[in-house]
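Below is the structure I would like to discuss, written out as structure tokens.
We just call them A, B, C and D in the order they show up, numbering each chain from 1.
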Amino acid sequence: MFKKILIANRGEIAVRIMRACREMEIATVAVYSDVDRAALHVSKADEAYLIGPAPAAESYLRMDKILKVAKRSGAEAIHPGYGFLSENAKFARACADAGVKFIGPTPESMEMMGSKTRARQEMEKAGVPLVPGASRGLQSPEEGEQVAERIGYPVMLKAAAGGGGKGMRLVHTKEDLGSALEAAQSEAERSFGDSEVYIEKAIVNPRHIEMQVLADEHGNAVWLGERECSIQRRHQKVLEESPSPIVDPDMRRRMGEVAVRVAQAAHYTNAGTVEFLVDQQKNFYFLEMNTRLQVEHPVTELITGLDLVHLQIRIASGEKLPFTQEDVKIRGHAIECRIYAEDPDNNYFPSPGKITLLLPPAGPGIRHDSGAYEGWTVPIDYDPLLAKLIGYGTDRQQAIMRLQRALYEYFVAGIKTNISLFQRILHDPDFQAGRLDTGYLDRLLTKGNHVGSPQTQGLAIAAIAAGLFSVLDPASAPSRNGSVAGTAAASSNWKQRGRSEALR
Amino acid sequence: MVYDVMVDGKSHRLELEKADGAWKCRLDGQEIHVDAVMTRRDVLSLLVDGGSYEIKREQTATDLHLWVGNTRFGVELRDPRSLRSRKDGAGDEKGPKKLVAPMPGRIVRVLVMEKSAVEAGQGVVVVEAMKMQNEIKSPKKGFVQKILASPGANVNAGDVLAIVE
Amino acid sequence: MFKKILIANRGEIAVRIMRACREMEIATVAVYSDVDRAALHVSKADEAYLIGPAPAAESYLRMDKILKVAKRSGAEAIHPGYGFLSENAKFARACADAGVKFIGPTPESMEMMGSKTRARQEMEKAGVPLVPGASRGLQSPEEGEQVAERIGYPVMLKAAAGGGGKGMRLVHTKEDLGSALEAAQSEAERSFGDSEVYIEKAIVNPRHIEMQVLADEHGNAVWLGERECSIQRRHQKVLEESPSPIVDPDMRRRMGEVAVRVAQAAHYTNAGTVEFLVDQQKNFYFLEMNTRLQVEHPVTELITGLDLVHLQIRIASGEKLPFTQEDVKIRGHAIECRIYAEDPDNNYFPSPGKITLLLPPAGPGIRHDSGAYEGWTVPIDYDPLLAKLIGYGTDRQQAIMRLQRALYEYFVAGIKTNISLFQRILHDPDFQAGRLDTGYLDRLLTKGNHVGSPQTQGLAIAAIAAGLFSVLDPASAPSRNGSVAGTAAASSNWKQRGRSEALR
Amino acid sequence: MVYDVMVDGKSHRLELEKADGAWKCRLDGQEIHVDAVMTRRDVLSLLVDGGSYEIKREQTATDLHLWVGNTRFGVELRDPRSLRSRKDGAGDEKGPKKLVAPMPGRIVRVLVMEKSAVEAGQGVVVVEAMKMQNEIKSPKKGFVQKILASPGANVNAGDVLAIVE
């Protein structure tokens, strides 16, 4: 077993990996950027090294600096977390060259899965069900029209190197195909430096369901149940659960077996996730494989009782999987809420800044994986994921109610968070009935926030509390005269600028 | 003690009087007995006629919010002796207007030049935070009197970016 | 289902029950004493009512006041938690008379189990294995000598109304029996107002293992696995786990079946615990039944995935058990540490006072059920249980390592806690090997704290930190001249004065 | 800045000098570079030659403790200019001695009378907390000069209960 591991990441996932290391009596090495000196992952580590200024390209993405720290500190392995360098085959190769174990699959597996067209080709060979379409880039609009004719409209154009919705176009008619292809290619070129675009049949109102797999370096692979990830906004997952409300034991076994076949076809090792699109008839189609630990791995941990990070480390150190498929026992239901620093009252704009009060939930069935603490200033430079709140219950209903209870306890002041969004989702009848697809959240948000009756009682309490705060704690003295006019800017127009694939 | 409390934009008169270790409150004339204790900084526990309420205080650069359970109320507290000043600034549609950063970030671009004319809603400055860009827009038609934001600079919530008059 | 429940308790268990109620959309009513106005259970409740001054006899034990609050608030049921009125048959009866449902067994079941001799008699009839001895109070020393002759020395004298070690005497020879009986009877009289003492064979180095049962009001009963509770100090449990390291599936099933037989013989309803003594040959003997929710119920919740408080409430509202014995799936391993406000460096004397800093642990496999918060002043009037830290793992080893990690994160300043004791236990080779009996903890504490090598590095860090704290935060200015001589009092002599049965 | 730091009873000389946003420390003459940041009240993060340390501060009525990881150190910090005063009070076996409450509690009984003689180790006052009773004993043979504790009263940690001389 390794004696020391470097964690090439920050935030909640770095803290989560360090916890696993401490549980395995492995020393931890953190890396951090200028603005992360006071971040939680720095004080949780046994060692910590500055690797550059705030922009990720100058710090968390700098392979050379990270490998230098690994060498200096004597770390034998690197855990990349998710995002940043986690799916970078070049980094995995550089680690191998430097004699440091990369905790993840081989560069070859990562490369195969990194190109969606190549992955499609390999999976086609392995007999994995695919969305009807072409498994190589389109050479011309004519070729696209022929394939579309064969599989039927609507069709989806997708960048081979893509992700996060970039280089994607939904096409309903032959007439629109040419211009859509051109647009998709040019966006793919701009976003990924690779203009290859392929075509698939568009699945209407699909579900997004993924299957966790684990494979050791001795040829053993197992599946650990699915995760329902249909609740997304701008191609970003927001809430995930396991089991999926629509997957029964037979479908789970079939999906699991396909996922293991995918892993084996890719000579995959370590933890990975096979993503499927599921249509309204519950047919499932291979979408892509994520060659890393997912943000949402805790829901699988709660329903299986396993620790995926422990297992990742054991696999990377050369151990065999300590159990077989038959030993995996799925029990209960788990749901994860991704707590983002963003403003639900203002189109979910990011909200960095200082956390002035933080009351995290706890108690039965509640797991809170956080990278934040009271008094910390959330930097403006990285993804807005603050923490993950995961609820476990005997059944789905109990998991939902537990999360409602935990969200009621959860309070963050100083910055905005999306806590209220989860209260909306968890109280929504469609969600409670399991009627989900990837369009679910947009529909919910379009409905508008049902404000409910004016809280007369709450209002009176707030008025009285205002006076009592000022008496009991003079920190809230009567406010300065006049307000700042500029709060009108709250209605200004944010644009998404390619949030990292990390959080998908 | 007498206060003028604005809750979600509506004004209320609040009188507080200590009585037997608890508080006799009079809110818009209605008498309410309240048992109050600060349980920690920014957290107040109130018992009102048996009901238990935990109120959390959030003071941002621009606003004071009080949370009763999961419900947020915008609050302004004034000493009524300075009541006449209430209308200063806020809601005043005439005169110079400040454009402020709604949250911390980094200035990416300035879209207009000083002294130039702007329309209401026209973008003036672009601020970036957490990989998203935010156009701060002019609240009114007028002239850009001053630009205080410079590209590359970090700003805090509430910092003045420009003044339009 | 009930719409409103009164919780006749305080501290972590009141908070834990209120969380369950919120998860079931049941309103909660707290009661509190003068010194508990700022306690967590008051702000977590929907309603809260003052019931008297600090001494429990004038507040938390006042049935009349509690029932008055129930009436005033319209609560339909009362959850007594553990301790206080939880095993008071008179209170259960008063609730019934007042038309309020008592969440627990009937007064008749409580009375049967409240007398140890009567319980022995009933269990003897039901064919439950008992420690050899007499099932009624001794009338004379001669009768004691006869029974002792028959079952063999050493023997144990026990108060029929007893608990907490009071009225108990271990007797090795016939010569000692007479005086021991006299002493036990007089202590029993003083402690419980009942001098009845009976005799049992003394089990040498026993384990204390208990079995959780649940019974509904329709005749269905199930067992939910055992808890190993051998780690005790002064008859107070300190750490509990499930499964027990020595119980295999066959023994578990046999113990479970006996426990269900015990429950049925007592016409038991709701949650209860059957305690067994287990000898070195793994024979198990009925000891007593605890007719309430136990402090250590969370370990059972973690290994079964069930919520015992939800189930208690559902049973009390008349529902049938929603599962059968076959549906109960035991998976993984859970260990609970009871975090007490007491000073491990000073013979575990109580340590009430203000909590100036509280850093609770979190993350994978960690549950923290707490009644404390930063800034709260722990009152001097009640039991010192602050919180429970429960670790879950795929296996015992992982649960141990997770708790070590969590205890490393856990920090409380301002008052003393026994956190360091758990670090000692969890690192102890005997504990790790599962070599436990009720004498384990005394032996460990006698060994003395292996201080280890002087921490030169830590010392230098502390010295530097002292200076930097004073520069960066002037709150720690150079200390006043001179110290108080009286810290010598730390070596003074505390005596236990009948801590409540609550915490057993 | 120069300090005299007592750690677990042993004295050390500490010099601190700010250098490049970090600290140049000299501890008993040995130079150590330290990067320090307060992460929250009473919590300090130190980086020393790559090593990451979280130090927690605990100030009780009588003592200052610093926790490095799970290890507790008793600390006293002095300005060396007042160094000569160090021996005042503590460790002084002569003169009047105060008996203080080691923790909050309630006085149950006073076992001796004012002006009476006591042996070293003899119980003077009984304090109760959390259902346990604690006999506060005389630290020396002498006379009870004054009793400040009265039965039924609540005391805080550090409160003087009696003085023996």
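We take it that contacts are C-beta pairs under 8 Å (C-beta built on N, C-alpha and C of every residue); 3 or more make two chains touch, one makes a residue touch a chain.
Here the structure is a predicted model, which is why all the values come from computation and not from measurement.
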{"item": "Separation of chain A from chain D, taking each centre as the mean of its C-alpha atoms, in whole Å", "value": "49"}
{"item": "Rounded Å distance between chain A and chain B, as computed from the means of their C-alpha atoms", "value": "33"}
{"item": "Of all residues in chain A, the ones touching two or more other chains", "value": "408"}
{"item": "Residues of chain D whose C-beta touches two or more other chains", "value": "37, 41"}
{"item": "Topology of the chain contact graph, where touching chains are joined (line, ring, star, complete, other)", "value": "other"}
{"item": "Pairs of chains, among all present, that meet the touch criterion", "value": "A-B, A-C, A-D, B-C, C-D"}
{"item": "Contact footprint of chain C on chain D as seen in their complex", "value": "1, 3, 5, 7-8, 12, 14, 16, 23, 25, 27, 32, 34, 36-38, 41-44, 46, 48, 53, 55-60, 62-71, 73, 75-79, 82, 85-86, 88-90, 92, 97-106, 123, 128-137, 139, 154, 156-158, 160-161"}
{"item": "Chain D residues within the chain A interface of the complex", "value": "35, 37, 39-41, 45, 47, 50-52, 54"}
{"item": "Complex contact set, residues of chain A against chain C", "value": "15-16, 19-20, 22-25, 298, 301, 305-307, 309-310, 329, 331-332, 360, 362-370, 392-394, 398, 401-402, 404-405, 408"}
{"item": "Partner chain B, residues of chain C touching it in the complex", "value": "30, 37-38, 42-49, 72-73, 373-376"}
{"item": "Contact footprint of chain D on chain C as seen in their complex", "value": "341-343, 346, 349-353, 356-357, 359, 380-384, 407-408, 411, 413-415, 419-420, 423, 455, 458-473, 475-479, 481-500"}
